[in-house]
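The structures come next, written out as structure tokens.
In the two complexes below, subunit A is the common chain; its partner is subunit B in one and subunit C in the other.
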Partner chain A sequence: MTAAPAVLNTDQDFPHHQELVEERLVLWYFIAALTFMVVSMLAGILMGLQLIRHNPLPAVELLSPGRWRMVHTNAIAYGFLANAFLGIMHWVVPRLTLRPCFSRSLSYAIFAAWQLVVLATAVGILLGQAQGVEWGETPVWIDPVALFGLLLVAINFGTPILQTRGPMYVTLWYYLAALVWTFLTYAMGNFVPEYFVCGSSAGAVGGLFIHDLVGLFVTPLGWGMMYYFVPILLKRPMWSHGLSLVGFWGLAFFYPLQGIHHFLYTPIPMFLQYGAVLSTIALEMVVVTVIINFLGTLHGTGGLALTNLPLRYFYTGILFYFLTCLQCALQVTMTFQALIHFTDWVVGHAHMVMFGVFSMWQFGAMTYLIPRIFKTDWYSPQWCEWHYWASAGGLSVMAGDLILAGLFQGWSWAALQPWDASIRLSIPFWSVRIVAGLAMFGAQILFIVNFYLTWRKSLRVGPERAVSPSGNSATA
Partner chain B sequence: MFERKSGIILIAGIGFFALAFLSNAVVPILMYRHLPEKTAKELVNGNLRYQFEDLSQRFPEAFQQAYGVPPTDPEQAGDWYNDHCENALKVGRQIYIGEGCWHCHSQFVRPVSNEDRRWGPVSKSWEYQNELQRPVMFGTRRVGPDLSREGGRRSNDWHAVHFFQPEALSTGSPMPRYPWLFDGAPDKPTYRGLALITYIQWLGSWHESYPYYEDYLPVPIKTASHSE
Partner chain C sequence: MTDEPAAYRTHWLTWLFATLVLVPTILGFANKFLDLVLVVQGDEDGAFAVTPIVNYLLATAGFLCLFVWTATQGAFQNLDEPSHSMMENEHRLDQQT
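Right, the complex of A and B next:
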């Protein structure tokens, strides 16, 4: 399915998968990602318990829920998602470009450096050294190191992509753009509102940053991976190349224009707020074209999305993506904002995006790749099913619960009820949220145990080709 | 162009990003260039000085431990209080950020949802053009109330007890306790505790009508202020 057949035909020696992909590193990235997922979820559970006033460890400075709440978001963005994306890129980029990454030792150095950056971020936050930009809480002294790391990542993956000749496959458009965007976004968000501008302007830049971080770092890496894995698993090309083009360029143009929609009704100039609202609604139209493209690709083989677990993860994520974007087109309007801004509605939305879409995609890719790397089947396919159902079910309950809670909070505030009324009415919702969160947490623990036992099994039985053949040869 | 590397890097990667930065960030920056950024020193006002000196009288031992003894000469004492008040503002803001207060408390009043009835006047841009709002503390979630009009609503005593054990004053409050801002008792705030209370009392102190609170009663204290 890769592009550039002209080059391939003149080249008699196809590089083999083993020469291209550093499988051990992919595995290490997955292990790091899952470790930070556990850290993040523990932090979320602590904050959730605090909200229902059952914090088991109150009044300990290093266990302050306020600090762990920042660890929760940062560990998901930089610990789980970034690590998992880097691992998947180490698999995808060399296979699509038929070239290894720029340097093997650089790859390992980046892995080590990135873990240090994330750990240092967590430690800095726990010591109370956070900075005041959401997702830019990274303490001051880590910012330049992290930015340098992102530059190295861009060099490491950018080199093989730039060396390819002829047309590039869709995935590489997204990856190439994301390498540029992530670097620029990180540089903007971690320096401009801290050092150069204050007040409403800093709010505008901060909004742009949190928005671009989702839209220009997580989203393109996520869709890039969908355009790679979905056609491979379905053994057919994308339904429409034209729609792939519309999706990429629509995202590239409209997504960055919307940062200010995170701060509607602030003192930021009103015409800028309206601009952000309009471009958000425009982007949702683009999203629909992407969804149509993926449904078109699935057309006629829909059963596979139920029976094939990685594919089910991918299409569940795509379903949640459609739901979040539909929700987004509604909640971004000024009418909705008046009611739901500042409420748990937004928290529900954020969980649906970060867990329901991107984490589900990562789980799908891990479920697909781990047996291929270990060259043996999952220790327990049944546990993989449990992982799916508890993750998807828990997330559905959590997101629905928080979205509903947000409506009630908003109405309570607008009705000028005493503040504690909004707390009292939230307690049942927050209690349900904890139960859903524990289900999601349990699912990940089960997945990690399954991962470990699969590794043990692979040591015992040695390599076997038990998995479907589509994943293992570089030229498939 | 649409599938070439140069198109993707230059137009999508750099071009669209720059366009967004220009329209969404540079435009507001240029629009507010007539409002220069105030320093923390310029933010120390009469209302805040009153609260800061109130701290020195309510918690004399803690205050002395944190800041020392003020000079006896009234004029020098005025400068001394101003300097330490400025310092407390900066440190207090650091703690406000480091403890993640801004993830559960917002700092802006919207023109909708009856918010001006609940909190006071709708927020304006000039209120944020200062060093302590870099980065701006708008916030994105309200588990607890908005704080941009909080200064002066409640006494320093109230804040000390509330930070030490929130549920003692706000029944059913989900706010965590912050005993590490105290030396074991609510009447013994540390350097950090005093700073955070000063920062909270600053919020909204720039308004002429301060505080915006229907049942506010000023607490009678013998003021040590000479310079204001």
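Right, the complex of A and C next:
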């Protein structure tokens, strides 16, 4: 529990990577994440097939599309994104703080418990026990267990972070805040509408919850890892650490008020809706600071973002982040909202954020870390390239297709055409979504096979050589 | 370790963006908060809006305290220092393996 200065001077004092990072656990988290990604994508494909009237499992109540949709979103949020972030944190936090996590056995216990929570959520949803809160469908009886799990996660990672002395690196700020925010957001979203308030009031809290889940759980963990991986891959510090702190504090102050921008034109009072609009505009400025900073860091070494695959993932994610924020700037105006509300524009936006930004970043981190941990190059760097192109390409088609579909649906409703007409015009778009989804799905299967064969290769050949920390082992 | 132009750039960029973000938001928020007070005083139904606002205010108050505390700890004195020490530590960790 003794304090450590930010840089330890003598080599004897300096901890070893092996003492700090529990590499096996990082891999287990990645395996769990990819497993849930497969489950979620299968559920997405089933739901997508239902929308084009080709439900392959008709008349099976347990497998009805409404339930699959919830499995799709929950498995992605809590199964894929959360697991991948936890795995990445097990690498990043100890290396940044130069201290291991609070307890090794607690780390493994959390891993096992979290998988049980996600599995129980999926089973509960399929059995029809979903809680009536968007993104909080986890059955009511699992909520306290999940919350307890989040508390343990906060203790496990919070301890080394709080023990660091001196000014903290921005990643640690993001991580520390995410640990507290996720716990509070989860409690607010699952308990307040369930037990304390109802009607529009519960709706307003629900709005805060769904947005805060993206902004206070996924976003800080995502940017936190980016501020770590990008400089070390580029071998140069962030362009401006001060600017990155503006981004952090901006998020802290403005994000929590934004949730209601999901519920524009609802019975929630207009001043609250306008409040959400205003803080969204303020946050757009914050986003600009973050993007300038990452572009500034890349300045002069732009070619690396093309040739180094993990970096390409990271900067592709930044590009999609910029695009989603641009969409937000439009979406948050009442005029535009009137057109796209309830349309597939929003679904396109959701896929672009969750897959195009955060999943891409996580794939970048996995592509970089897996060979480092196995101490051998990827079994097939070529397949890594395919994984990238099919994921990024599939997502671009899917998001573009749904965004367009949303505009047509909005115009159809604005022209007061019958509901059926908007369904008919949507079918071609929904069919394209399935094709794009299959490409994305195929990419993940290829990645998983590559992961498995890289593991087999590492057993066969033993540690080949120290894999370059530059992340080039994935470059074909 | 920090070169002069980088420190200067950090300094003015930080202040510029901080102002750009803060001024409109504080104005907007104060204005809307006034609206809320008026609604709560005049219309009982509007009182439900207190839940999300109180949530926000509590969160923000917490962050404000944290922000002030951080500033008093000197975390904003040499803004680029953590970035450099992080790179140095990473380098040393990588050299061991």
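Here is the rule we go by: the second predicted complex is superposed on the first by the 457 of 476 C-alpha atoms of A that agree within 3 Å, B and C clash if a C-alpha of one lies under 4 Å from a C-alpha of the other, contacts with A are read in each partner's own complex, and residues count from 1 in each chain.
The rule we apply is simple: contacts are C-beta pairs under 8 Å (C-beta built on N, C-alpha and C of every residue); 3 or more make two chains touch, one makes a residue touch a chain.
Here the structure is a predicted model, which means the values were calculated and not measured.
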Clash or fit (per the criteria above) of subunit B with subunit C on subunit A: clash
Partner chain in contact with A:Met188 - subunit B first, subunit C second, else both or neither: both
Which superposed partner A:Leu208 touches (first subunit B, second subunit C, both, neither): both
Subunit B versus subunit C as contact partner of A:Val197, first or second or both or neither: both
Which superposed partner A:Arg69 touches (first subunit B, second subunit C, both, neither): first
Subunit B versus subunit C, judged by how many residues of subunit A each one touches: B
Contacts of A:Phe263 with subunit B and subunit C, given as first, second, both or neither: first
First, second, both or neither for A:Ala252, with subunit B first and subunit C second: both
First, second, both or neither for A:Gln129, with subunit B first and subunit C second: first
First, second, both or neither for A:Leu272, with subunit B first and subunit C second: both
Which of subunit B and subunit C A:Glu61 touches, first, second, both or neither: first
Superposed model, subunit B segment overlapping subunit C, candidates 20-28, 164-172 or 218-226: 20-28
Where subunit A meets both subunit C and subunit B, residue numbers: 167-168, 184, 188, 192, 197, 199-201, 204-205, 207-208, 245, 249, 252-253, 256-257, 259-260, 268-269, 272, 275
Subunit A contact footprint on subunit B (complex, rising order): 2-3, 5, 8-9, 11-14, 16-17, 19-21, 23-25, 27-29, 31-32, 35, 37, 95, 97-104, 106, 108, 110-115, 117-118, 123-125, 127-131, 133-145, 167, 170-174, 176-180
Residues of subunit A touching subunit C in the complex: 6-8, 14, 16-17, 20, 95-96, 98, 166-171, 184, 188, 192, 197, 199-201, 204-205, 207-208, 228, 231-232, 235-238, 240-243, 245-246, 249-250, 252-254, 256-257, 259-260, 268-269, 271-272, 274-275, 278-279, 281-282, 285-286, 288-289, 466, 469
Sites on subunit C touched by subunit A in the complex: 6, 9-11, 13-14, 17-18, 20-21, 24-25, 28-29, 32, 35-36, 39, 46, 48-49, 51-53, 55-56, 59-60, 63, 67, 73-90, 92-94, 96-97
Footprint of subunit B on subunit A - complex, ascending: 50-53, 55, 58-59, 61, 64-67, 69-70, 128-134, 136, 161-162, 167-168, 173, 176-177, 179-181, 184-185, 188, 192-195, 197-208, 212, 216, 245, 248-249, 252-253, 256-257, 259-260, 262-263, 265-269, 272, 275-276, 337-339, 341-344, 346-347, 410, 413-416, 419-420, 423-424
